[in-house]
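Next come the structures, one after another.
Look for chain A in each of the two complexes below; its partner is chain B in the first and chain C in the second.
Entry: the complex of A and B
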C-alpha cells in the first residue's frame, strides 16, 4: 500500500463521518478541521482509518500532523514498522 | 464481603449558565454546537470554592447519618485538580465544617479527571482491608473551572471554542462502606491503563491548558485498553451484554457519544442503527446530570454514575460499567450493581430538584463574574467576599443549609453557613 492509497482510505472515512463532503474534492493539503470536522469527528476518522489498516498502535502517536497528506505519510511510516 | 457506595450526593452549583445562550453570545456556529450535547454549565460564584462545593455535596449525606454512624467515618479523601494550597489539604477544612470525628485519616488526592475514581478505589480498599471493621470512608470529588479572561484565545488556551461552554463546577460526595445500598462494587473487576502524555494540565494558577485532539485520542485509547484489561480479568465479560448501563467520564456529551460509537464498533462489531439505539438505552441516563453541570473534572465520572442511578430503570438489579479517564494520564474501567431499593434511597437526595432550583445567570452577570476582579485568585492573602454580588443567586440558597466563603484572613479561609 502506498501513501496515495492511504490518503484515499482517510478520504473515504472522512466522507463517512461527514456525508456532506460526498462531492467535495479533498486534497492532501486539506486540514480536517477546515473541512468541518470537529475534534470528535477527527478522532473518529483516525480510529476508523486505523481499524481499516488493522494498525494496532496508540492513536496518540498520530498526534501533531498538519493535514490529511501528512496523516497519510505518518500512517505509512507506522505500517512499515508495525 | 459486600463493599461499595452506601449513599452519594451531587452539588451542581448555586448558579448556572445556559450554554446555547453562551454560544450565541460568543458567535459560535450554533448548528455544529448541537454536537457538543451540553445544555447548562454550573458557574462558581466568587464566594464558592472547591471546599464549599465539597461540603455542600456532603452535608445531606452526613445529616442522614446517626451520630454513631457519623463517628465511624475514619477516612476522608478530597479528590481535585482545583487545590487551594500546595501543602494544606482541603480535607482539613471539609472535616471541620462537617464536624467529623477527629480519629479520621484525611488527605487530598490529585490525578486530573481520574481523581474521584482514585479516591473511590482507595476507599474501597480501606473497607476491604478490614483493618477497622465497620468503618466508613467519605470521598469528595470537587472541581471548579475559572477562566481568566486574558487567557482566552491564546495559543495554548483550552481546546478552542468548546472548552468554555463545557467547563463546569461541581462536587460529588460518596459514603463508602460495607453497606453498598447505592452501588455495590464488583470486587476485583477493574481494568486500568495509563502512560505519560501532556494532553491537558494546570501548570499555572487559575488557568488550564490543553490540546483537544490529543486529549480525545488519549481518551479513546484508554477507553479501549482499560476495558480490554477488565475483560482479561473478568471471565465472560461482554461489552454489549454484561452492562445494562454505561457511565463515562463526560468532558462533554458529544465526546461520550463518539467514544461509545467507537467502542461498539470495535468491541461488538455493531452497525450504526444498533449503536444509536444502544446509546439511547445504555448511555443517555448517565448524561442527564452531566449535560446540566458541565465538565467537573475529577467528579465527572461519578456525576455520570449518580445520573445513571437516578435515571435508569431498575425493575431487576442492573450492572453499570464505569469508565474514568484523567489527563496525564490514568484511566480505569470498573463495574457494580444497582438495585431498585438503592435508586429509591438515592432519590431521597433529590439531585434533580437541586439542579432545577439553581439560579440562571444572565450573560451580563456571567461576564461580570468572568472579567471582574471578584474572583479569588490562588494565593490570595486577605479578602472579604460579597455574597450579594449576584443578588438573584442568594435566593437560590433559601431553605437550604449552605456553606459559603466569608473571608480569607492571612491565607486562612473562613466560611459560614447560610440558609
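Entry: the complex of A and C
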C-alpha cells in the first residue's frame, strides 16, 4: 500500500458517510469539514479508515492534520511503524 | 356539525408505516381487506437458533425529501420514524406552521435493540473500532434529533417510555403540551420497537410472546381473543398523530380527523408484566368521565388485545364490567402484530380511519372467541357508523391508558 491507495480508502469512506459527494472530485488538499463533514462525520470517517487498515492508534495522534492528503500521510507513517 | 369549544383538541395529521402497508392510504385498504404479513422473521438480528414469528415491513421507501446522509446514519427505527413523520407532516401542512410552536413526543424506550445486537456482534473482537457515531445514536433521543433536524422542529422534543402503552402515553403527553400552551401543535409518535432475538427470547420465556406452535403456518399465530391464542406476535410498525386546536388547524386549512374527547393514564403500582382488572377499569371509567360520556355512548372499542392468555381475559372482563359489552370490538393486532411502543399510536390511527370510513376491519383468526357474547367483528369487515370510540393500551410495569375519540 502507498499513500495514494490510503488516500483512496479515506475518499471511499468519506463518500460512504457523505453520499452526496458520490460524484464530487476529492483532492488531497480538501478538508473534510469543507466537504460538509461535521465532527461526528469526521470521527466516523477516520475510525472507518483505521478499521479498514486494522490500525489501532489513539485519535489524539492525528492532531494537527490539516487536510485529507496529510491524514493519508500520517496514517501511512503509523502503518509503517505499527 | 356540532359546535366545538376553543379548548377542544383534534387529530390533524396522520402517518403510519406497517407490515401491511406504508402510508395511510395503503394501510386503510389493507385493514379493511384483512391483509397480513406474518412469517418467520427474516430481518438480520431477529433469529438465533430460533424461528420467531412476526410481521415485518417488506419495502421501506425513502421519501426524496430525506437526505441520503441522514438516511444512511439512522437506525431502522430512525428511518421509519422519519418516513412516518414525513407523511403526517405533509398531511397536516406543517410547513406552514411556526416551527418554534411545534413539539414532538416520541413514545418508546430502547427502540433500536436489533441495530445494537448487530453492532455488538460486528465489533465484539475489535471494540476499539466501534463507530464514534454510536455515542450519539445509542440514545433513543437520537430519533428526536433526526426528526427535529429533518423537519426543523424547534418547540421541544423528548422520548416518553411507557412499555406497550408508550404510543398512547406519547399522545397524552402531546395533548397536555397543547392544553398547557407549551406549544400550539404537538406531534405524537409511537416509535417502531426494533426487537432483537434477545428481547424475543426473553419475551417468549416470560410467556408473553407466542410460541412455535404455529411456526408451520405463521398466518395462524396471531389470534387475539381466540381460544387458540398463546401469546402476542410481534409486528414492525410506527404511527404519528398531530394534535392541535381547531383554530390552529384552520389557519393552515388542515383536515381535522377526529376530536380527542377524553383520556386517562393510571398505574397499578406493580412492576411486573401481569395485567390488572382494577387498573384497566379505572382508566376506562376515567377516560369516559373525562369525555363526558357514559359507556352506552361508545360504539366501538379498539382494545389492547395482544393475544396473551392473561391479558385478553382481563381486558374483556374490564370492558364488560365498564358497560362496554354492547360496543363492536375487533383487534388491529390480528393484522399487524404487536408494535409494542408503536401500538397505542397506530391503533388510534386505525380507530380514526374506521370512524371516518364507517367500516370496521376484520379480526383475523378469531374463530372461537374466549367470550362470544361481545359484538366481535370476525372474518369479514362490517359497515358501521361510529360516533364515539375508545382505545386502550397496557404496558409492562402496571401501565394503563385509555383515549376516547369523537367523530367530526
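We take it that the second predicted complex is superposed on the first by the 82 of 82 C-alpha atoms of A that agree within 3 Å, B and C clash if a C-alpha of one lies under 4 Å from a C-alpha of the other, contacts with A are read in each partner's own complex, and residues count from 1 in each chain.
As a convention for this text, contacts are C-beta pairs under 8 Å (C-beta built on N, C-alpha and C of every residue); 3 or more make two chains touch, one makes a residue touch a chain.
A quick note: this is a predicted structure, and the numbers were derived from the prediction, not measured.
*Asks:* Superposed on chain A, are chain B and chain C clashing or fitting side by side?
*Replies:* clash
*Asks:* Give the label of whichever partner, chain B or chain C, reaches more residues of chain A.
*Replies:* B
*Asks:* Is A:23 touching anything from chain B or chain C once the two structures are fitted on A? First, second, both or neither.
*Replies:* A:23 contacts neither chain B nor chain C.
*Asks:* Contact-wise, after the overlay, does A:62 reach chain B, chain C, both or neither (first, second, both, neither)?
*Replies:* First partner only.
*Asks:* Looking at the overlay, what does A:40 touch: chain B (first), chain C (second), both, or neither?
*Replies:* both
*Asks:* Check the residue A:50 against both partner chains and state whether it touches chain B (first), chain C (second), both, or neither.
*Replies:* Touch status of A:50: second partner only.
*Asks:* For the superposed three-chain arrangement, which chain C stretch in 116-124, 278-286, 332-340 or 368-376 runs into chain B?
*Replies:* Only one listed stretch clashes with chain B, namely 116-124.
*Asks:* Could you give the residue numbers on chain A that contact chain B in one complex and chain C in the other?
*Replies:* 40, 43-44, 47-48, 51
*Asks:* Under the touch definition given earlier, write down the residues of chain B that touch chain A in their complex.
*Replies:* Its residues touching chain A are 32, 35, 159, 162, 195, 197, 199, 211-214, 216-218, 220-221, 254-255, 257-258, 261-262, 265-266.
*Asks:* Would you pull the chain A residues touching chain C in the complex into a rising list?
*Replies:* Residues 16-20, 40, 43-44, 47-48, 50-51, 56.
*Asks:* Within the complex, which stretch of chain C touches chain A?
*Replies:* 67-69, 72-73, 126, 128-133, 136
*Asks:* Write out the stretch or stretches of chain A touching chain B in their complex.
*Replies:* Residues of chain A touching chain B: 36, 38-44, 46-48, 51, 58-60, 62-63.
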